[in-house]
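Note that the chains are named A, B and C in the order they appear, and that numbering of residues resets to 1 at the start of each chain.
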Amino acid sequence: MARVRAEVLVIGGGATGAGVAWDAALRGFDVVLVDRADLASGTSGRFHGLLHSGGRYVVKDPVAARECVDENAILRRVIPDCIEDTGGLFVTTPDDDPAYGERFLAGCAAAGLPAQEIDVGEALRAEPRLNPGIRRAFTAPDASVDVWKAVWSMASGAAEHDARILTYHSVVGLHTADGTVTGARVRNELTGEELDIEAGFTLNASGAWAAQIVKMAGIEGIGVIPGKGIMIAMSHRLVNTVVNRLDLPADGDILVPIRTVSAIGTTDIRAADPDEIPVTHAEVDQMLDAGERLVPGLRAARALRVWAGVRPLFQDEKSGATLTRDVTRTHAVIDHEARDGVRGLLTISGGKVTTLRLMAQDLVDAMCKQLGTERACRTADVRPPGNERGEYFRLGTRLREREATLGEEQLICECELVGRGRLERTMHRRGSVNLDDMRRQLRLGMGPCQGGFCIYRATGILHAIERLDGPEASASLVQFLEERWHGVWPILYGDQLRQARLDDWIFQGLLDVEHLPAAVAP
Amino acid sequence: MSHHDVVVVGAGLAGLVAAVRLAEAGASVLVLAKGVGATHLSPCTIDVLGYDPEPVERPLEAVARLIAARPDHPYAVAGPAGVADAIAWFTGCFEDGPLAPYGYVGDGAENHVLPTALGAPRPSAVVPESMAAGDLRGGGEICVVGFRTLKDFYPLLMADNLDRLDGVHARGIELDLAAEGRADANALGVARALEAPAFRAELVAQLAGRLGADERVALPAVLGIADPHGVWTELQEHLGRPVFEVPTLPPSVAGMRVYATLTERLRRAGGRLILNVVVTGADRSGGARVTAVRARVGLRDVVHGADWVVLATGGFASGGLELDSRWTVRETALGLPVVGVPTPGAERFHPAYFDEHPIGRAGVAVDGEGRPLEPGGGVAMDNVRVAGATLAGAEPWREKSGDGLSLATGFRAAGSIMAALGVGAGATAGTGG
Amino acid sequence: MSPLDHDDHDVLGGLMRQSLDHCVKCTICETFCPVSNVTPLFPGPKYAGPQAERFRTPAEESPDTSLDYCSGCGICTQVCPQGVHIAEINSQARSRLRQRTGVPLRDQLIARPDVIGMLGRPAAPLANRTLRSPLLRRAAERAIGLDRRAPVPDVAGRTFQAWARKHRSPPAARRVAYFHGCGANWYEPDSGRRTVELLEHLGVQVLVPRGQRCCGLPLQSNGLFDPARSYAKRMARRLAPAARAGIDIVGTATSCTLMLKREAREILGLEDDPPLREVSDHMYDICEYLMMLHDRGELRTDFGPLPMTVTYHAPCQQQGHGIGKPALDLLALVPELRVVESTSLCCGIAGTYGLKDEKYDIAMDVGAGLFAQVANTHSDLVVCDSETCRWHIEHATGVPAVHPIELLHRAAGLG
C-alpha cells in the first residue's frame, strides 16, 4: 500500500476545501487535498455564480450580510480575474412591497453596504429586459464569480506551496489512534488503487457529504440535510447586472449574468440524499414563473441547462439544534474534540462561495489553536495564481483572444470559443480522460449546442493526445452525452429542444454512437 | 396574390422531392421555406431502415414488416412499393442532373454497411457512388485518411474503432494539408480545395508509398462539390485503389450536392423557391379545403394562393413542430393537430439519453393519402399532404430511416397530388398541367 | 452617452439580437456566405453573428474587428432555417464596432451618394474625367483607400428630379409614387425616365415626390447609424404623404426599397417613426409591384420580341425582399428573349463594400462565378435590379448591365 505523509489532510475539493488548502499551504503547512471527483464538481460547481454584496441578507441576517460586505471586498482584491464586476440591482417587482426598500436601506447602512436607490427609468435603460413594472431599484456591489476558475486558482496556489491535490480520490476510511484521527485511506477512482495518507490533522470540508466522512471516525449524530437548489442557465445574457428581487430571499428571485449565460435561481427543497437530486418539470416551471417576474418573456427565451446543487444544512441530532446558526448561510467550525472527544479532526459546515476565504481562515485558525501554534492567515493579502493581471474578468475576453488567432487556430468549441491549442494544453496538463473535466475547466460544451458539435471533435483530439483506444474514447464521449442529457432534459422546450434534436441527428443518425464497438459503458 | 397549383412548405429533402416531382410533371410549384433545409446537415445517404431494432440487412422487406407491426408508422403512407419507386426516381434525378455522372447506388433491396466518422457500422440503403466502397460487409483493409486542418473528421479515432469490427483491418493517417491555406477549414472549404488539380496531386503525393497493397482509402466526404464524380474517380485512378467518402459533421457536402441537384431540377422545371418566408397559416374556403397559405415575409404578411399544399417543414429539429415552456406542442405552419404528445404532467423525456423518449414519435398523423388527420380521425385539411419529419410515428435518428422517410413520403405526397391534378406519372387520365 | 448605449435596443432592434437564441450552430449560413467562402479574413456569419454576440456587452468595446469584413449582403439571414437574424445582428454589432474604431473619411464619403452627386453635378464632365483619371484614382486610393480599379459611376449632367419636375404624368385610375433613389437621380436619370414611361405605358400614373434624397442605406452599411436614421426619416417624410393617401410606392433601386420597406425598422430600430411605418407598409420593389398586377390579371402584356440572350442576376438585396424573382416572370413575357438565370447569390460589391481597397479583391472573388457565367453564356446584356451591382458586373465582365425595367421598356416599344 502506497503511503503519503502530510501535516494536513483536506477532504473536499470544492470552494471551501480549495480555500482551506490554499490558506493552510500559505501558512506553511504541508497539505494534501483529496476529492472523490474533480475540483468544484459538487455543490460549488452547481451554484449560480453570485458574489454577494450582502444585500440579500441585510434584513434577515445582518451577521451574514456583514461577512459578505467584507469578503466581497477582499475577494475583489485577491481574485479579481475570477470576478466580473457586473454590479447588482435590487428591484421591487409589482408583486413586492415597496416599503421593504426602507428596511433594505436601513440594513445596508447597518452592514456598511453602499447601496443606492436609483430612478426606475435609469434601471430600465441599463437593463432593458427588466420588468417595466418595477417600482423601485437599488444598486449594490454584487458581482459574478467563476467558481471553477477561483477553485483552480486556489488549488494551484496551494500546489505552488507544495500541496498535493489528489482529484478522483475518495475517502474509504479514516485512520484513528487513541481518539485521534491520523489520516485516511483513499481510493483512486480512476485506477482503483488505494493509498494511505498519514496526516497530523484532518480538515473535513466535504459539505453535504461531511456526515458520511465523520461517521468513518465513529462520530454519530451529525445530520446533514441537503437543501436542493435548482438553477437554470439561459442561453445568453438577458441582463448584464445581477438582478435581485427586493424582498426576503425566496425561490427564483435572482438572475446572475455569469460568463456568456444568465442563471436564474434558486430553490431550497430538502432532499434525502446529496447524490440523488433529480430536477423535476414542476421545479423548472416554478423557476420560469419566478423568472418572468424579473424579466418578462423569459419563458420564450432559450433555456440552456438546468442543474441542482445541495446546500448542506447541518443539524446536531444529539441536541436537536442546528449547527449552522438558523438556516442561514453563515458557517461554523465543528470542534470534534469538544463535541465528540475526537482529536485531530475539524469539520466546517455551512457557508457560501462568497465567504469561502473567511471559512478557510476560521477553520485553519481553529486547527492552529488545537495544535498550539500561531501562524497568521495571509489569504486576504496574497493573490493566488491566475490573478496576475489584477483585472476583473470581461465578457469579451475570449472574443478578443480569438480575434488575435483567427485563421491560425481551429475553433473546437464554437459556442464558448475554445481553441484547439487551449484544449490540447489543458488535456496535456490534466491528463484526464474525462471530457466533463474539460467542460468545467474550459467551458467546453457549455454553450447553446451543449457539445453537439465540439464533443466529437474533443473526443478525436483526446484519443490522439491521451493515446486512448477506441472503446475508451467512446466511453468518454458517451459519458459526456449522458451527463449533458442529465442537465438538459428537464428544460427541453423551444429552442433547446431543436438543438437537442439536431444533436440526436448528429450522435445517433450520423455517427451512430449507439452501435460503436463496446460503446455504451456498463 | 400569386396562385400556384401547389405550394410546398419546406425546402428539406421531403419538400424538394415533392416539389421537383410535381414541377417536372407539369404543375406550377412554389416552394416557401424559412431557410435551407436539413440536406446540408444530413449524411444524405438514403437510410431506408437501419435498425428494427436489430441491424437490418434487407430494408424494403423490413419496411413491410415494420408497417405490419406499426400501422401508424409514416412508411405506411408510402408502402414498400412506394419506397422502391421513390428510390428509383431519386437515383434517376442524378442521372441527368447538374452533377451527372455523380449519382447514387442501391435500390433498397439490401443495406450497405458504411462506417461513420466514429467508426461505427451504419446500415444504409441508397448511397452516393463515392461512399459505396466503404461497405464493411466484406471486411477488408482500410486506410482512413484525414486532414489535420479539418476539425470535423478524426481518422485515427475512426480507424481505431473500425479495426475492432470482424474482418476489418483499419489504420489512420492524418495529413498536414491546409485547404485554401486555412488552419480551420470546414468540409465545404476542403471540398472546394479538392476541385483544384494541384491540391489533389498534393494529396496523392503525400500518400505515395504509404498505402498497403490491399488497402482501400477512406476520406471525409469532401471529394468535390461542383464535380464530385471527377474528383472521386481521379483520386481512385491516381491512388490505384477504391476510395470512399465518410460523412462528416455538418456542413454535409454530400447533402449540398443533393440540394444543388434538386433545386436545379426544380428551377429547370419552372418551379420557384423563396427562402426566408415563414408560413403562418392557411386560408380555407369553408370546410377542409385550403385556398391559400399565409406567410410572414420580413415585416409583412403575404398570401399565396394554392390548389394543393405539401407541408414538409420538418420536426422539432427544424421548428416544424414546437414545444413551448408550458409543454404545449404545435405544428407551426398550418396549425395542424399533433399526436404522440404525452398528456400534461406525464414524462416527456427519460433521464437516460439513449432511451426511447415518450415524446419521440410526436407529429402530425395522416391517412393513407398523406392527408392530415383530426384527433377524431377525420381529415383536417383535404388538399394538404404532409411529408417528412413532421409526420408522427417514427424516431428516424434511431431507426436510421431519416432520409428514406423524407424521400418516400415527399414522393408519395407528390404522387397523390399528381393523381388528383391528372398530371405526370401519377395521372389516371393524362392531361398536362 | 456611451456609443454603446441602448439606442440600438428598441423593440425590433432588440428582437433581432434575441433571435440569436434560435441558432443551433448548423453551419448552413457558413456554407452560403459569399465572403467567408473566398477569404479567411471574415470568420463567417455564424461566428460573427450569434456566436460572438454572446460575448458582447454594452459595457465593453467590441473586440472583433474582423466583423468589418462582413459585406452585409444578408444571405445568411435568408438561408437560416431557424430564423436567426444573422445579418441584422452583424450589422448592429458592426455599427457599435465602428463607433469605437471610428469611420474613415472614405466610408463617410461613399456612404453619402447624394452628397457626391450634388457636389459632382455642376461640374459633371470634369468630375467624371477626374474620377476616371488613373493618376487621380491612384491618389484617391492612397489618400482615402478607394480602390483605383473599383467602378465609379458618372455623375449625370441633369438629375432625374429635374426631368420629373417638367414631366406631367397622364392621369390614370392607378397611381403610384416613384421612389427613384440616388442611382436614378444623380447617375442614371434616363433609367428613371424610362421607368416612368413604362409605368405610364402600362396605365399607371406616376407621381414623383419632390426632394427625394438618400435613404440612408450606405450609411447604415458603413455603420453610421445615427446619420442613417436621420436620412431614413427624412426620406420617409418625403414619401409618407403618398402612402397616407393610399398610393403605393414603387422603387427601382431594390436595396434602397428594401431599406425603407424593412431594414430601417429592423436594423436601425426605427419603430417609433410613423412616417416610416406608413412608407414601409406601402413600399414595393417595382418588379414585385408589376407581378402583383399580373397576378390580378391587370398587367398589359403585349410586349414585342427582343431576340437576345441576357443573364438575369437577382442581387442579394433583392432576395432580401422575400418575393422570389419577379423579374424572371416579367421577362418571360417578352417574346424571343432568352434569359439565363444567374446561379450566383452575390456579385460581391454589396453596395460600397467592393469599392474599398482592402475589399476590392474579395468583391471580385465573390463575383467570379457570376462573371464566368456571363462570359460562358455569351450574354448580350446582364439584367440586375441594383445599380451598384450593375456597375460592378459591367466593370468585371465588360457586358452592359441594365435594370429589368429597361428591357420591358424596350419590349414595350418605348425606346
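Just so we're on the same page, a contact is a pair of C-beta atoms (placed from the backbone, for glycine too) under 8 Å apart; a residue touches a chain by one contact, two chains touch by 3 or more.
Just so it is clear, the structure is predicted and the values come from calculations on it, not from any experiment.
Chemist: If every chain is reduced to the average of its C-alpha atoms, which one ends up farthest from chain B?
Modeler: A
Chemist: Would you mind checking which pair of chains has the most C-beta pairs in contact?
Modeler: A-B
Chemist: Suppose each chain is reduced to the average of its Cα coordinates; what separation in Å results between chain A and chain C?
Modeler: One centre to the other, that is 51 Å.
Chemist: Could you grab the centroid distance between chain A and chain B? Build each centroid from C-alpha atoms only and quote it in angstrom.
Modeler: 43
Chemist: For chain B and chain C, let me know how many angstrom lie between their CA-based centres, rounded off.
Modeler: Chain centroid spacing, chain B to chain C, equals 35 Å.
Chemist: Using the touch definition from the top, which residues of chain B touch two or more other chains?
Modeler: Expected reply: 38, 41, 182, 250, 317-319.
Chemist: Using the touch definition from the top, which residues of chain A touch two or more other chains?
Modeler: Residue numbers touching two or more other chains: 407, 411, 453, 498, 502.
Chemist: What are the residues of chain C that contact at least two other chains?
Modeler: 22, 24, 26, 40, 82
Chemist: If we count contacts the way the header does, which residues on chain C are in touch with chain A in the complex?
Modeler: Residue positions touching the partner: 6, 9, 14, 18, 20-26, 40-41, 43, 46-47, 51-66, 82.
Chemist: Could you list, by residue number, the parts of chain A that touch chain B in their complex?
Modeler: Per the touch definition, chain A meets chain B at residues 278, 281, 285, 288, 299-300, 303, 407-412, 420, 453, 456-457, 459-461, 463-464, 469-471, 473-474, 477, 481-482, 484-486, 489-490, 492-494, 497-498, 501-502, 504-506, 508-520.
Chemist: Give every residue of chain A touching chain C within the complex, in rising order.
Modeler: 125, 128-129, 235-237, 240, 260, 301-302, 394-396, 398-400, 402-403, 406-407, 411, 414-415, 417, 447-449, 452-453, 495, 498-499, 502
Chemist: Sort out for me which residues of chain B touch chain C in the complex.
Modeler: Where chain B meets chain C, its residues are 1-3, 30, 33-38, 40-41, 180-182, 186, 188-189, 192, 250-251, 256, 264, 267, 272-278, 297-300, 317-319.
Chemist: Taking the touch rule as given, give the residues of chain B at its contact with chain A in the complex, in rising order.
Modeler: 38, 41-43, 47, 51, 55, 116-122, 149, 151-154, 156-157, 160-161, 163-165, 182-184, 247, 249-250, 315-319, 322-327, 348-354, 396-398, 400, 402
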